[in-house]
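Got a structure for you, questions after.
Which chain is which? They are A, B, C, D, E and F, in the order written, and residues in each are numbered from 1.
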Amino acid sequence: MNQIPEIFRVIPVNNFVILAVVLFSIGILGVLTRRNAIIIFMSVELMLNAVNLLFVTFSSYKSDPTGQVFVFFIMAIAAAEVAVGLAIIVMIYRRIRSTDVSLLNNLKG
Amino acid sequence: MQALTNRSKRVSNKKLSLGERLYLPAVVGGLGITLKHFFKKKVTIQYPEEQRPMSEVYRGLHVLKRDEQGRERCTACGLCAVACPAEAISMTAAERQPGEENLYREEKYAAVYEINMLRCIFCGLCEEACPKSAIYLQSDKLAPSFYSRADVIYGKDRLVQSMETIKTAKSLKSGLTTSDRYVDKVWKNGKY
Amino acid sequence: MNPLYLFVSPLVAAVLSWLAGKNGNLQKALTVLVFVGSLAVLYTWKQAAFVDASISLPWIHSFGIYLALAANPINFWFLVLTAIVVFAAQMYHSSKEEGAVRGDVMAMIFLLQVFLFGVFMAQDLMLFYFCYEATILPIYYISSRYGSPAAERATIKFFLYTLFGSLFMLLGILYMYNSTGAENFLISSFNPYYFSGSVQGWLFLAFFIAFAIKMPLFPFHSWQADVYAESPVESTMLMSGILLKMGVFGMLTIVIPLFPQGLKDYGYIFIGLSAFGVLYGALVAMVQYDIRKVLAYSSLSHVGLIGAGLLAYSDVALEGVVLQMFAHGVNIAGLFFVSEIIAKQTGTRDLDLMGGFTRASFGLTVLFFVFLLGSIAVPLTNGFPGEFKLLMGIFEYNIYLGILCGSTVILSSVYMLRLFQKTMLGKESGDYILSFQGVGAFRTVGLSLLVALVLLFGLFPGIISGVADTAVRTLLTAY
Amino acid sequence: MVQNLFYFLSFLAVLSALMVILSKNPIHSVLYLILTFFTLSGHYILLNAQFLSIVNLIVYAGAIMVLFLFTIMFLNLKDDSFTGSRLFFHLGSGLVVFTLAGLIILKVATAPIAVADDAHFDSQIGMVENLGKVLYSKFLVPFELVSVLFLSAMVGAVMLGRREKGEKNF
Amino acid sequence: MLTITFLSLLGLVLLFLGFAGKVGLVKNLAALGVLASLGILLFANQDALVPAGMETQLLFDANSLKFSALILGFSVCIVMMSRSLVKKENVQAAEFLSVMIFSLVGALMLTAFTHMITLFVGLEILGISLYILAGTLKDSPSSNEAALKYLLMGAFATCLVLFGMAMLYGATGSLDFKEIAAVGNQSVDSVLFKLGIFFLLIGVLFKVSAAPFHFWSPDVYEGSPSIVMLYMSVVVKIASFAALFRIFGGYFHHLSYFWWGIVYYGCIASLLVGNLLALVQKSIKRQLAFSSISHTGYLLFAILVVNNEAIAGGLVFYLFAYGSALLVAFSVMNSWFESSENYQLDQLKGAAKADPVGATVLALSFLSMAGIPLTGGFFAKISMFAPAMGDGLYHLLIVGIVSSVIGAAYYFKPIMNVWFSTEEATIENATDMKWVAMVGGLVILITGLFPDTLTSILAMI
Amino acid sequence: MELYLFLAKGTIILLIFGITLLIATYSTYAERKVAGFIQDRLGPNRAGPWGIWQPLADAGKMFFKQDFIPARASKWLFIAGPSLAMLTACLTSCVIPFGDTLDLSFLGIEKPVAIQGIDVNIGILYVFGLVSLGVYGVMIGGWASNNKFSLLGAIRAASQNISYELAMSLSIIAIIMITGSLSVSEIIKDQDTFFKWNIFRQPVGFIIFIICAFAECNRTPFDLPECETELIGGYHTEYSSMKLGFYLFAEYINMFVSSAVISALYFGGYHFPGESIVAGLLPEGALGHNLMTLIGVGAFFGKILFFIFFFMWVRWTIARFRYDQLMNLGWKSLIPLAIANILVTGAVLLALPEIKGYISSL
């Protein structure tokens, strides 16, 4: 019963971590380079998913359910965040007819 | 306001009760009704195979009648065209030449007789107007559908009764349609 | 008598004068009352050889700060000077023409007096710092609110300068507290043996920068002239007369006894700069046309001398410091007082537009002249003994520095007499002089008092030195 | 077999993630992001976390991304193109991020990471029963508190998204 | 735990009351409720409702009680002040207040978490509520913009925090801070552990808006309604510092070789950036926003020093002094201006003539923020500087001093405008609740003159 | 013997897939037939006896119609839309157990083979996952058409699906609470006697579920996304040929799957009343077991067909909702009701052992 499945033996945990890091960096890049608020927000979701992957990976490899529970929390909270976020984006869109963050220049020092 | 009859239903805007607002009883009732219809006798007539019985006074496609000898009855008097509310009928009169007596009953005849079937409303006034009992609307023939505008104008080639029906006809009336018979029966009798 | 008296009475007076508002007579009465009261208290202390003149109450447990106040021979003359200069300033203000007297200014000056007493009597470093910082606020208020339109900028500069310096002092205090493992900030719980040489050096620099900016000594003086020129004269009098003495006091009671090694290591740099400041101040004062700026630079020059004396680290010099600081306080307050009267009357502060004031009021000319003489340090005025001792001390320290500082004797007479000549003598440049109504009785009495002090301490410097000298010497020999 | 699957999914994940941020059309980005989520769900299944994999689909692909798609369609966004003036910024940030990521990856690639051994391994941890037990016993309090978050988010989304009287635009 | 439950229910009740249209009741009940929750926090056993043996992942120890008390205390005032916002603008009282109260739940969680899950949930409850609050003024473009910027940056920061947590989890196999801290000792060389600490720290620094991760905060602060800005810079600051302190001053304190340098340079950068940029602002809100960054710098001292137990009190003191000063300043300015949400420095000119009491209190509060003696801000600064001095952080202290001076420079601008400007007053009406302002001023003075009163009150908690 | 297992399983999967398609195909026929009957008509009856070749004829027509892609449409997405709709629809049926196990020991397969694509322990979640993905097909298609009506239809579809998905899952949770498993086969196993069918235990849940199922399938009365009177054809206005066919077909597959899920969750799946009597009549051993299973499969399909009929029946009975009514119903009635249902179920579950204990103590 408690035999370690094949995948845990043939694929080192590092591979998953690397994949997560790559996805995370892509997310960061998206946040940094894109101007469309929605796409920035999507990049954030991508980053969250990279984190989720990390948690699941560690959780599975370490055989500890906490990580997966955490992922559950992250997912739930991400959903709430998206709801609020999209409401805000829609609000902005009503105001400036765009979601381009570089058009947001009311506030400058 | 006093209702004149007791047939009209008074509309009330009272709030629906909880049971009514659930809609479920109403929905179930509706389902019952539809289910009842599910098992009802079907009213479909499978047309080419089965045909609906036509009314005796059905006004179908026009026909220009011939008399017992096969002569065209129409004298191109134009009363039908005058009577036509849709102005669907047009004609050109011509004089009968010697030797054509077997073709036309009177000295004058319609060289061209056209009915625009798009205009025609199949009201039957032409039939009523005709003093020579030349035009009738058949009760067993429907005006077919058209595929081109040229088909719409019915000339004499398609309106005039074919000779075969004359031969088989036993009498003036027997060669005619149900409509003919009906008209004769009802009020054309007195005219002769 | 409880030292808290000196705290409480001006505080009460501050509230009262705020309430009194524009009522000049009430303000005058308060001024005199507090002045006399303070002097009386101080006198009783001195008579009792400062036996009961101390108090130590726990104030802030969590930081180990005590409300420790004490009057002693060293701070005695500072306290007296505070009373006098505050009196002078308030006398000026409360005797202004009808409607120009402000309750808030009076209240702020009284508040300033509270903090000044706090600074001079504080036996706890944090309390010292606290009051030291707090003194800025009233001055800032008066200068910014009632100064010329340019005063706002000048005072904020002053404020930031002093804040900058005093924060270093704060660091120093905190360092002392931490490094010695002391449970409190009482000055008595520190001594120089706690600090190694290099640490003393750093601490010296931290404290010195605070005090030097306050005084101000030569490289840190750039705020001074503007503020003096743009502020209302009350605050100029206070700043020049007493606020800068806080720096002197700090040097005397904190830097010299606690960081002798630091003073020795770094003092020579600053003594040179101070001595240069003496010359620089004097030279600049000579070419100024704004009457306030002349006095401001003269003050810089004098304070440079005091600073050099402090850094010279000898008993003679320190005795001179005490004498000179008292003299300077009285003289400069008087000078500003009189010059403001003149400037008000002529409607300008430009020396070129003044002149011939003698014809308007001979009495005022005399008063002015006496203050001038005191400032030049002519013998028999109060400036002389202090300057003499200071120069002696500096000569002992380094002869070239002595010569540099000695130039003040000549140069101060040059610019001061130029001042006198331009204002009092010569041809009057308008008929304003004829309309001069006189100084007024209250001011006359007050000014006479100041003049009397100039002469009194010129003739009998021993009144001061008798109290202070032994105490000052112990500062050098205690450790 | 498993390895190939892993590499295939990873390749697809990275590719679609890249396309998310490179696509000009926001709709395409959303779709690529959904694809990424699918690949990640695949990874979760590989990792024996069935429950999360399906929850990932339901929550992310089924709810969150629908919301995104919905909003984008709602707003009828046009293509968003990279402009020249920001090109250097793009290049720069790309370079920085990739350098940093590269460094991290180099470090991580060889890092020893402790994993469970045979004796401690439990293949059931990713199953819903197990997760449910942990969630509802150990983490009950935070779980309940998440409801506060949802309530707050709900109120906020309604408050912000609601059209005010007199507002003309949709 | 009890307080958190109470607050959640309170928010719910307010929401329903709002649906029922009882707005007046909502406003009163909100303030009363928060006050009651403060009472519950102080006088009730927090674990009263928790069954024995159940893990809550929350632990209300002395520090967290202090921070929580501070949070709730300030919140009472802010909730009371927010009546004016609700009155002035087109804002739904019930929604606004209940979201604010929900955010308090998050704030309290941030003071008491023992586990990453509670930390994360707390962060997000607070964060999401704040995104909403920032966008409350739907008609104002700046408010919209603030909400969006806060949202994007907040979400980004959350990701960084999570990434750090994931790495820590990978390194230690646990999400419990105690266990991580225990394992942390042995994982000096672990790449994952380092990465974890790094990202966690960066993320949290983002949240507390320490430079160089501060760039969102001025915009967000300026754009938000002023009540919300006040809320962010007081309550949220307390909560996030409580969290930062709990992690890095508490659990990971002994692991300082991992994170100390980052915080150190972050601290210096915050001090300089905040103060220098605040110097050139024309809008008070923006100035205060930058100054808030600089205060973040001072507060970071608390994380840097070795003796973290001792400085906790100082941290609380600082937060109290800063918060009360800001609160007082805002309450005065709020009553001065009827409609404008974006106070410009010029608007304050000559206000002292129209309203001397308000002006005095305003001046006091700015003095306190500048850390001038006589005010609480002075002892607040001392309580940060003294331990740092004990640790020998001389360079940091010098930066601190320089930036204090710069700080004083811009804090005096409003004072100067209020008091020393000769122009006619442009303020719209005098402080309507003078006694409130005076009490506020008195509090500042009392904390300045007798800080022991505050420390002894705090010690009782 | 792995090979046999593989073959057996493969056969079953193919069979399920085939039957799914077949039923969906004939649903189109049935729909028209039922519509005819309910409206006192005959329905299609020209292609073959009783018109049974009608679906094939339709399919043929669809194939040969012009395949039109609007000029400004997003081409790939335009194609992807119907494909996705079809894909998600088809994938769903694989976790539904159509019958009990088959004993194939004569082929050497020791373990009994379930008549089910795959038995995952989160089966019902799988269904939900796919159902929630179904909306993409509609949305993408609607958006890609570059037509306002399509877009409106797509947006309506999306919001409708999202709204009703919530109530749907909430209503299921009550069942999961009773059964204690997410696996569909477990849920069916739990309803082994007639009165343990969930329809009796969860009547409210059933009503919610079935309403939501209608909404999820975009069936009348919730066919707002494609309501002709307002939106022409909704999201598929611009579609023609087999792409349109896919959309329509997907709808029928969804209907089939919904019916299957309803039967499985609430009507005992392959169980039928009087099971034990039937079992008694059958021979012992593998043959009997297999026969029993097949009868069960028949029963299941009977139920499924009934529900498909029910779908159609409702379609021709109830008028279409207005959009705000739809949303109000979903958010203001169904979701609270579902939550209340969960609470009540939970309370009863907690109280049940007490009550039982009390009764037994009497």
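We adopt the following convention: a contact is a pair of C-beta atoms (placed from the backbone, for glycine too) under 8 Å apart; a residue touches a chain by one contact, two chains touch by 3 or more.
If you're wondering where the values come from, they're calculated on a predicted model, not measured in any experiment.
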item: Greatest separation from chain A - chain, by CA centre; value: B
item: Most central chain, Cα average position; value: E
item: Chain C and chain F, separation of their C-alpha mean positions in angstrom; value: 95
item: Chain centre separation in whole Å, for chain D relative to chain B (CA means); value: 72
item: Where chain A and chain C are represented by their mean Cα positions, the distance between them in whole Å; value: 66
item: Geometric centre distance via CA averages, chain F-chain B, whole Å; value: 52
item: Sites on chain D at which at least two other chains make contact; value: 51, 55, 63, 67, 74, 104, 108, 111, 113-114, 138-139, 142, 146, 149, 152-153, 156-158, 160
item: Residues within chain E bordering two or more other chains; value: 117, 121, 124, 128, 131-132, 135, 138, 147, 170, 173, 192
item: Chain-chain contacts as defined at top; value: A-D, A-E, B-F, C-E, D-E, D-F
item: Interfacial residue positions of chain D with respect to chain A in the complex; value: 2-3, 6, 10, 13-14, 17-18, 20-21, 26, 29-30, 33, 36-37, 40, 43-44, 46-49, 51-52, 55-56, 59-60, 63-64, 67-68, 71-72, 74-75, 77, 80, 82, 86, 89-90, 93-94, 97-98, 100-101, 104-105, 108-111, 113-116, 118-123, 125-126, 130-131, 134-135, 138-139, 142-143, 146, 149-150, 152-154, 156-158, 160-161, 163, 167, 169-170
item: Chain A to chain D touching residues, read off their complex; value: 1-8, 10-11, 13-19, 21-30, 32-36, 38-39, 41-43, 45-46, 49, 52-53, 56-66, 68-69, 71-73, 75-84, 86-91, 93-94, 99-100
item: Residues of chain D defined as touching chain F within the complex; value: 25, 27, 31, 34, 50-51, 54-55, 57-58, 61-63, 66-67, 69-70, 73-74, 76, 127-129
item: Residue numbers on chain C that touch chain E, as the complex places them; value: 59-63, 126, 129-131, 133-134, 136-137, 141, 144-145, 149, 152, 156, 159-160, 163-164, 167-168, 170-171, 174-175, 177-178
item: Interfacial residue positions of chain F with respect to chain B in the complex; value: 34, 36-42, 45, 207, 313-314, 316-318
